[in-house]
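Notes follow the structure.
First chain written, first letter: the chains are A, B, C, D, E and F, and each begins at residue 1.
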């Protein structure tokens, strides 16, 4: 240890977060860059060891597309939502649940902390229903979460780190692809988490997406809601998930840059933070 | 209910098995025929509701080959063991963990019982090491189970049905394909299960594989060991798993015909049984 | 087992009743015909083994009269209520608590399930007060239940089947004979049971007692209350107990024919039932 | 309170007995004299309130004979053992379980402590087998205890005072009369009680039964065994039960005079005691 | 034991107080007379052994003055409150926490009951703020209790007797001397104790302090509040503490004469009591 | 936080020590220099927050001498042991228990962690007997620990930091001064602690006390025992305590320089350590 005093600077945060649930949605570079993924896993294990109960939520992304193409399937998006027929949902589940989820589980295990991978079917965690594209178009088995049954999390979150793949099924057993930001927000709300953290590939929410200087450091959920209509792209579901989490009782939601090493620790263990923090009130 | 009295005939068995753990390895037709799979799930849910703690273990099979071929990979077997390179182990995990495991979980959920799908990585359930082919040939990421850590099963087996896909990893995080019969036997031994049941596509162990009339109804583990050298094909790992389970303290191991409806119930809830029963002593 | 599939038809009911308390009042032929009593005991043990918590309540009847006559006591009834002096209440308790209660306990034990016999004095289960005949006549130590203290049931109902004899005492330690239907209804209400089942010697409640064709299959508690004034004989206290149980939060009360084998199972495990079902609302 | 200091003299004993199980066999005058019975009940409630776990065991006696005579049955004894046919065992159970047991339960309740009456059938407490008269004569349903299953006592002895009537049944459900001293000794041994106390109608064990001056104040179990052959009458089963209790791990067995008020308290709460104390070693 | 019957007279009180918390403030002769202190300890241990949970609160007094004088410090009182500078508060804590508290702990241990000594700092039991003299004068580190955190008491009060020295600190870690009567009243209220008992050196509250004949035996908290303005001397903080305890939910507060042997037992275990009893309502 | 990555370097140690008990003996500059004491408290709170269960043990020292002199008592040492009469033991207890113990408790509380101060009398933690000087001289109430009753620590060590002053008493309630190093070693052994750490005013154990270059970094308990006879001064009881702790099952004992900031963290959280580490075997 170069400087043991540094450890002490984290003490007030460790104290504040002790025994609290923190839901962390991993995505973007943190999932596709093996070095960042390993760093991420080590950070999460640290959170566990200093007394928090982290829950990881993840989606899929480029790797799904790659497998679909290799299997000769058509890849098509409507309003950023993947058009998903039965063959496609099979691939989505295989890649998310059978590959990416287990990669994260193995990374956490590699840093000394057993984890348990789940999807929305396990313990009936998610109840999902079909979602149409914003214009009403039927885009197949794309779902939204109706309800989260936290019981299975309560069985394991104390002794393991739950890692949740964002797929689930409806009451007839039909599987659906679910947006991972939405899933993370719903889990955070259902668990009454202390924090929800969303990793992405920008350094936070920019008022003007093209101008890094307009990054918003802190903002209320109410003000976020007001501005939602003007936000487009992948930032929008993140912000919606943040607002929903706050409405569900979460103390703060954070959007941070997953491309930066230790971004979760920097956001949680410093006053200024590094991304955008959304709070219940100003 | 046609005949309520029939229910009472199961009472002595229900009483005997109450609170006991039963490990059931599903394979063959019971996994590939959707109707049989659904019947199987309903039977397992019944076992749960009448007070047993069933644990399901499954492997993959034809569907892995099918996906590998669609992805343009070479499919090759040595002594019945799939030659498995890194690309292949990825497909194995995706199909087993992301598809077949979740299909079983959803079937159980459809019959009213939440289940939790696991593989050997979850909760560090399996510690696996590389296995060579019998002739010493390196066939890639084919593993054998060194140790089963039952802790994660103890967290969930009371309130959920655990469904275990037979893959796992070594201490360096390298994944391996594991024979599902071996996995089921190891889980049964580690959990000190009351029963281990192996579903297959013949009606039991035949002394002469070509002669159905030579089906063995009951035999000791010792006698089974003595005859093992003469057994070939898929029956051999099943018998080895049975012997290992018995040596680990399991009260009886059963090989039953998964092609027959309700074979698990018929084997467990009748004196005569329908398959082959292997016991600690005669 | 002749037909294992039959077992599966009970699954939805087993699932519905799992972990639920069912109070069953045994009387009539089911208590006086040894064969029926043994069948009854086996049915109740089955309920226990498939996950319900049955509680049995019983009264006495002909055997009390027989012992009183052999002891040279006068046997007299007013409005169906036994005139009970101190010597009579001693005989009532001896026959109910010392003989019939233990006969049921031994039958249940004979089918593999330990039971614990109780009367209203044990664990101060019943607080009873004197009841007069409808016309105000003093008929001695005939009581009504003021309050049920369920604490002793909570100590044993999970691991044993409680069997309750319908006698109890007031605050001065004076014992009283209590109508067993009333006792069963009061226990069901106090335990917030899922079901209360009353065995009797007709096939249900007949609108016209003399016409079997007028059997009522299902009726609300409200409608039952409206018609109560017109009902006479032993059916009346049963119906009153049903209404009281429903008012106390019980989900359904059933009147079934104890002369029919497995009547409890047929009523609980079939949609149509075989007797009269009284529900909170239509 | 006349003299509050007196309370303090009991402190060392209260301390010693805290949390300990004490089995007390009531018989003789303490059961037949209503005033003594009430005193006895109050003493037992005091033991409960100052932190002990008393368990009461009782037999029957004169009242059984009285009911048998009133019912026109023949009353006959062989070597002090009641010849018991099926009609007689019914009366024994009715009087013991339905009357005397509940009288004790009500007395304890009257002093503010809920009690639970049990016999050997409840919770399968006693497993009994047939006993012949010493000369080999078949005297009917007179039994000896093969085994005590303490589970039901462990369910209730913390919150209630168990009161046990000394009847039980064999594996076929046949009931037997059991000597109450033997039952108390067996319960004390099975519960690994701290003390076993036997109330009787003499002031202790006299070396010469006819000479009160020969009362033995303290003696070892070994010496008691040596002298057993010379002891006759009702003292013998008491001494046998004391020896058996000591062999089963009980710290001391006491024979005290139930005709004396508060004899249990005087024996337990004074150094000198008032009866005969049998100890593991001198 | 001279008279075992005496023990039984305490039974109704033992029953009433079973499992209840009783806070006892020791002061005056009971603390300065070694014989009385030992008697007091024995009485408290008895309360523990018969099922109550006593909590002892104490202040200091003459011994603090003595040490201050030996250390050459000025001893000064304003309105009965000790003027306390930093050097003085050090002595107060040393004498109370390091000497008198441990003397009581050792007395209790000597009578067979382990105790745990605490002050307001342990487990952050008391949060204290500065108090001025009634005329507004700054008298140094004299504090009043803002809040009691009972958590540490809940950790130990079942298995040990907590003994609390009446000092505490504010949020900056500054220590204060706290009136022990006030501390006892605050602890009783925070623990929702059944009783609060204050030992003093008169036989109760006298309407006319100079006339023993005017001792008030029983009075309501409301009437006590009305008369408070007219009370002076050490009786006043006691009465204020009694009123506060009653307002906090305590069932009765007692002022008794600590100079009398066994005064606590006599007050608690007799109807008439020996001192002044303050009740919620008449 | 200057460098969040630094936090991660502690992860392997945090993982290793998670849930483990660490006994830390504070003495020397760490107790007498207010700044170091506050640093020490903050370090200990950090250990608690990252999942260890620290227990602090302390002695007295210069402040006792100072108070004794101010009170006009003679201060005399024999072989480094304070000659202690009854007046002196009173002062020892007052300073240790009433002042220094509470100073540490308040420092810990100031850093956000409630602590509970104890001495050997609380919960009967230490059973002490008289010790003579090495030459047999009677030096008064100087004791050695016969036995540690850890029960009270088990009540509080999970939720609070226990802070133990090294005084205790014998079976007659006589108090004794106990060497704090010995007390810490005995507590560590009795708690089967993972580590015992002794703070002192040199940088470790020097083979040649006058030559800092001879500091021993690591040594076995066996080798330490062999060299003990040659060690004099305050280092000797520390080494004896280390050996005793290791013999009692402690995994490692450390002697570190309390004059250095964060010495406990540097010793525990770095491979090389900064002082002397004594291990069960090389």
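Everything below uses one rule, namely that a residue touches a chain if its C-beta (ideal position, glycine included) is under 8 Å from a C-beta of that chain, and two chains touch if they have at least 3 such contacts.
Model, not experiment: these values are computed from the prediction.
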item	value
Chains in simultaneous contact with chain A and chain E	F
Intersection of contact partners for chain B and chain D	C
Identified repeat of the D-E interface (over half of residue pairs identical), from A-B, E-F or A-F	A-F
Inter-centroid spacing, chain E versus chain B (mean Cα positions, whole Å)	69
Between chain C and chain D, centroid-to-centroid distance (C-alpha), Å	34
Euclidean distance of C-alpha centroids - chain C vs chain E, Å	56
Pairwise touch network: line, ring, star, complete, or other	ring
Circular arrangement of chains, read from chain D onward through chain E	D, E, F, A, B, C
Residues of chain F defined as touching chain E within the complex	67, 70-72, 90, 93-99, 101-102, 105-107, 109-110, 114-119, 121-124, 151-152, 155-156, 159-160, 169, 173, 175
Contacting residues of chain B [partner chain C, same complex]	1-12, 14-15, 18, 42-43, 45-46, 49-51, 111-112, 261-262, 265-266, 269-270
